[in-house]
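Please read through the structure below; I'll follow up with questions.
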Amino acid sequence: MGKARILMEALPYIRAFRGKIVVVKYGGASMDDPSLHASFAGDVTLLAMVGIRPVIVHGGGPQISAAMSSAGIEPKFVNGLRVSGPEAVAVVQRVLAGDINPHIVALLNGHGCPAVGLTGLDGAMLSARQLDPDLGLVGEVEHVRTDLVFDLLESGMVPVIAPIASGPGGEIYNLNADTAAAELAIALKAQKLVYLTDVEGVRRNRDDPGSVISRMDLDELAELDDSAEIGGGMRPKLDSCQRALKGGVAQAHILDGRVQHALLLEIFTPEGIGTMVVP
Amino acid sequence: MGKARILMEALPYIRAFRGKIVVVKYGGASMDDPSLHASFAGDVTLLAMVGIRPVIVHGGGPQISAAMSSAGIEPKFVNGLRVSGPEAVAVVQRVLAGDINPHIVALLNGHGCPAVGLTGLDGAMLSARQLDPDLGLVGEVEHVRTDLVFDLLESGMVPVIAPIASGPGGEIYNLNADTAAAELAIALKAQKLVYLTDVEGVRRNRDDPGSVISRMDLDELAELDDSAEIGGGMRPKLDSCQRALKGGVAQAHILDGRVQHALLLEIFTPEGIGTMVVP
Amino acid sequence: MGKARILMEALPYIRAFRGKIVVVKYGGASMDDPSLHASFAGDVTLLAMVGIRPVIVHGGGPQISAAMSSAGIEPKFVNGLRVSGPEAVAVVQRVLAGDINPHIVALLNGHGCPAVGLTGLDGAMLSARQLDPDLGLVGEVEHVRTDLVFDLLESGMVPVIAPIASGPGGEIYNLNADTAAAELAIALKAQKLVYLTDVEGVRRNRDDPGSVISRMDLDELAELDDSAEIGGGMRPKLDSCQRALKGGVAQAHILDGRVQHALLLEIFTPEGIGTMVVP
Amino acid sequence: MGKARILMEALPYIRAFRGKIVVVKYGGASMDDPSLHASFAGDVTLLAMVGIRPVIVHGGGPQISAAMSSAGIEPKFVNGLRVSGPEAVAVVQRVLAGDINPHIVALLNGHGCPAVGLTGLDGAMLSARQLDPDLGLVGEVEHVRTDLVFDLLESGMVPVIAPIASGPGGEIYNLNADTAAAELAIALKAQKLVYLTDVEGVRRNRDDPGSVISRMDLDELAELDDSAEIGGGMRPKLDSCQRALKGGVAQAHILDGRVQHALLLEIFTPEGIGTMVVP
Amino acid sequence: MGKARILMEALPYIRAFRGKIVVVKYGGASMDDPSLHASFAGDVTLLAMVGIRPVIVHGGGPQISAAMSSAGIEPKFVNGLRVSGPEAVAVVQRVLAGDINPHIVALLNGHGCPAVGLTGLDGAMLSARQLDPDLGLVGEVEHVRTDLVFDLLESGMVPVIAPIASGPGGEIYNLNADTAAAELAIALKAQKLVYLTDVEGVRRNRDDPGSVISRMDLDELAELDDSAEIGGGMRPKLDSCQRALKGGVAQAHILDGRVQHALLLEIFTPEGIGTMVVP
Amino acid sequence: MGKARILMEALPYIRAFRGKIVVVKYGGASMDDPSLHASFAGDVTLLAMVGIRPVIVHGGGPQISAAMSSAGIEPKFVNGLRVSGPEAVAVVQRVLAGDINPHIVALLNGHGCPAVGLTGLDGAMLSARQLDPDLGLVGEVEHVRTDLVFDLLESGMVPVIAPIASGPGGEIYNLNADTAAAELAIALKAQKLVYLTDVEGVRRNRDDPGSVISRMDLDELAELDDSAEIGGGMRPKLDSCQRALKGGVAQAHILDGRVQHALLLEIFTPEGIGTMVVP
């Protein structure tokens, strides 16, 4: 019967990934489109229930722009990175830690998955330095303290992390969520780093929907990089994948978060979906 | 998509049964028919991998009759229970502990499920007294020591138990495997006791294949019992179910072991299969 | 010499309170006045360093009113409790969890005290039901799950908790911080519940600054209650003290948070300060 | 008084061997002669009770030949190793795992020693490859997994191991028990490897009963080996001793299992008995 | 052979007493006669090595009288209890804690038994009140704190305890060693309390050396008590036995400490020696 | 307010030294002058209560000379080391282990600090060899076993150690307490080694009370050493400091034990007192 076959298909993946950490960057449609929330929450819950250890890192989203504009702050971007003045950082922090993070926690708890919301300030988890004076209070991760996250994982909880960090002088920095996810994956010695995005995967040819790459290694990624065929939003993600794989993460994934249960299908079925990058 | 839906369907069952003990009486076609071996081994392995704790109790089967006849011993039955003289017990013991048990262990290990074969003698697990002087060395369980089984479960192993016990004078008794499974389920405070049989389930009307009962409670079972509509082989199983449920087991199941992945379908799908008895 | 004498004076209090939980409701001037921040952070850090286990519960403050008004929401109060419509709750939550909570965490971490910010949603810590349909999304605590807090305390961390809870239907409720602190103190079997307020303590006579009560028991509190001499903001605090003491908390304190190191002086010196209520 | 002196004599040996693993190859008269069973069981029990950790590896014996002949299988030997066709292996396995092993377990349990019967299949303990295509399903040990044995020892149990192993394709191999005992002793980092045999020890001169060697080192053993004075059954045992000592075992013993309490006398008295080989 | 038989005879006693606590009151000839020291040390070491947990309580002896007289203090006795003025207590304490106790510790360590010397002051183990104003600083045990002794036993060490206790005002009391041993046996839930004395055991008839009682229960002891046939030094020991047995100790023994290995013979041989009292 | 400021001043020191071992050599006026006892006991108790782990090593004092003379033994010194004949050693041992050690234990327990008195014999902690045949039974430390001390520290107890050790032949040696303290500090990987002395500290110029050195490193100490300006009693202490610092101890202190709460002031105030030596 079909049901049993599909469940049995998942067995080798459960065996392979039990006890392993999977860092999921949650964002894009999968976060912004309420019709995908149950799918995401179910996937994370199932991962946790079969003994895999998910860690969620989320970005901001349309809420930030809305909050910015309602606060009268004009968002500015340089090289795809938001320029952050003090008021902007305060707005971003309120939205990330005070709005999006608790909602993800509530969503997961509502599915029976014991989640705990954190920022990089908690337990002094993420220390940052200024990335570029031009960008204001945008930080880059300098050090990751993992004890709090390991504590929570040991207790069977799912950490949900907002990308905010403290600087050497106590100032609070915004972090790029993609980068923060990669740094966390490295520090936690994660098995997988997964980006939930709004594309089907990485295309070999930007204009050819049929050219999505199913699997590539770091060499292929490097070549791809040079061929400059990747759209603006994808390049930083691929850079993060590269950094994570060089830092010891075994597998990085670009998934299409617009697909229901993308995470589940990638992890528990032989087909996989999206693009996987390996060292 | 279908695959994800089916995996998600399993989630509430995984959540409900994680960490719980499921005692499976393995026998009949599911054991005797090699084409069902991979199905059984896969099911048990999946249970173990998602954190459910299966304990397998097996009976003998056609091998015993074959060994008996090749040893020139005529099997005798009284009330469905085999009369066991010393030579017969020796043959049964050799087949159970020396043939069937290692093959189940090898089958499970071959699927990546860390199994350990035991008899009731190991760790003085099962103590028995003579059931009936007429039946010879057939015992009934007097005491179950659970420390060895709990030790193995704690280490993530799956115990596979042959129904042999030691008597007060050191003599070795054969046990009825159905009964032994029930006694173990009670002593281990199991969540479920599952019988893999060669029927679709318990029929309300012996002659009506459409009358298979999906779920009944102890009262309904008692009435059924009195209506005497159950065939010979089923009555002792139902008696064992009754005893187990009265002893604290939460759910007892009569499954059709001839169906591929019967165990998986019962435990991880909303339909269930066969007959479930609850207190 | 004076220094040694003062340190020695602290010894019996350290001995008495080591390993005990002290729930501190942080608010009022001690939170709103930056010149008092270092004092608060130092006190909490010292408590944690000598082996006492502080748990901080904070309210909102002027930031909420500011955020409300900048969002164009008119705050309304009924019986001293804020009426909370959905937009108001969203603003409150953003300020509590996204602004005040991370700042307290950063403040404590900056003093070398390993703090972790939480809301009542984390680990499903606080479950609430609607207090009063007239008040909108204001909840009252129905159940406290303590495992996450105990986990963090066991790891030597200081939990900082924003008074937000989830309701039975997944809706998010605002909680009164004073009440939430009392419920947490009861559930955590705290030794002390401390309110940092903007008054010197409870006065026996509302108009007589010299009538501050140093210590009273529940009977005296009850009489006082009936004499109706307590100002608006104090009554709910005293009700919470009463509830906490009846629920097993050993000592409740109304401290003057405007005094530098109020917490330290109360806990580590024989004089104490403010009003202590005991069963 | 004599009793006290004898008990005190044992003290340095108990102190020296507490917590150490002693692998005992059980076979020959000590296993086949019922009048020696109580002696063996008592010795093993005493070892276990004073904190030494015995691990028993047994061979087959006359039962195998009897079972072979009653099954109409002609035993064949090449270089002292039994040639094993599929039917023969099935018979050997039934006798080892189904007959001898449970009887040793029952014997030890009957003396109050908590024994657990295992085969090399349990917990995937022994992996083998084919020794020689001419010998059929005779294996040589390729890998020993020790976790199950250490688990059981940690729980105070005495493992009793039948020399059966699984091959790379899931096939079941017979192992030479002497060799299996040596491999287990190496993998378990045993202090001692003891062979219970039917001779007084190793003679320097095959025909001189007075030339039994009390103690020799590996060099002396090598010379002896070359002098070719050792009878057929002894050579493989000496080869196993050599391999075990080179693999890190501290002491190997050839004992006369026909002597009551040979094990006890060897381990707990200054005289020792039989031949000890040291590196 | 004799050696093996004697070792096997010890087996049931080792099994019965493993992990159990045996409090030994050490004194009389066994302590004062150097030719018996090795016997005592060997016995205690063997007990410890086979997993029994001895706790030694010692008295003073001739050294005290010698120290008294060299300090010019005249010892006085009332009802067999030493009257203790402050100088006398100081002398007794010096001899007990500074002379006898370290020598026992050195003796045991010299036999490979890891001993730790304690007084009742250590870890506030023994609290006492004044027994009788007439007796001066003689105390009776009021409370026993067992955590230090259990800690040491858990680490495999043998506590050697001098009978000194602290009083409510910090004053130091001498304790009767027999009584202190009984109180410790009760508090430690000891299996056995053993007095090493200078008599063969309790005689039914004071003048008949052949009337030594091998075993009696509390009723028989009570009658004996009333028959007043016990010599002066024995009565307090029997009172202590009685109190210990009523307090939950399973067996109390009066042994002849003048016999080499009296302790060993009592515990590990079926004959036993001296007098055993049971509830 | 002053009190709070002083308590806050202690915070960085508590944070720095929590969980660290501080070996205190107790002697001189701080031990001999009863008016300083409460100060010492309070200091040690406070250290223990805030999570620092003090280990006390004490010397003898005037009691030894008194006991010597009352025993008619003339004390002799060579190079500042007491010549110890057997009778003298016996007297020293009685005073150290039987008088001074229990009094320190009682003193600390009386302040609520759970202390345990030990000698170097306990748990075979200190092994010694003869320092110089001319000095008789004076030993120098050859080996330190730390398991007993770590066990007690782990249980929250404060070890109080008398400087007595056992020699290779079981003989008992007196140790110089300053040296023993240094060897213990090295073996325990102590953070600090503190000598409580009867001087204000080390003077740069022996005759200039104003030349007390507040802090120096090993080089400065070496120069000082060569300038030979240090009085007799100080040189061995400085040699011990040197040895301890070279052996891995982070800080050594010469404190003025005549000052009330010298230990507390040194450890918990920024001024410190006396002389600190660092590597």
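Note that the chains are named A, B, C, D, E and F in the order they appear, and that numbering of residues resets to 1 at the start of each chain.
Everything below uses one rule, namely that contacts are C-beta pairs under 8 Å (C-beta built on N, C-alpha and C of every residue); 3 or more make two chains touch, one makes a residue touch a chain.
Predicted model only: the values in this text are computed from it and were never measured.
Looking at subunit C and subunit D, not one chain touches each of them. In summary, the chains found to touch both subunit A and subunit D are B. Taking each chain's centre as the mean of its CA atoms, E is the chain most distant from subunit A. In terms of residue-numbered contacts, C-F and A-B present the same interface, as over half of their contact pairs agree; the other options in A-C, A-B or B-D do not. Here the CA centre of subunit E is 35 Å from the CA centre of subunit F. Measuring from the averaged C-alpha position of subunit D to that of subunit E gives a distance of 45 Å.
Distance between subunit C and subunit E, defined via averaged C-alpha coordinates, is recorded as 56 Å. Chain contacts: subunit A has no residue touching two or more partner chains. Viewed as a contact network, the protein chains form a single closed ring in which every chain touches exactly two others.
Think of the chains as beads on a loop: from subunit C toward subunit F, the beads read C, F, E, D, B, A.
In the complex of the two chains, the subunit D residues touching subunit B come out as 70-71, 90, 93-99, 101-102, 105-106, 109-110, 114-119, 121-124, 147-148, 151-152, 155, 157, 164, 166, 170, 172.
Listed in rising order, the residues of subunit B touching subunit A in the complex are 1-11, 14-15, 18, 39, 42, 45-46, 49-51, 112, 259-261, 264-265, 268-269.
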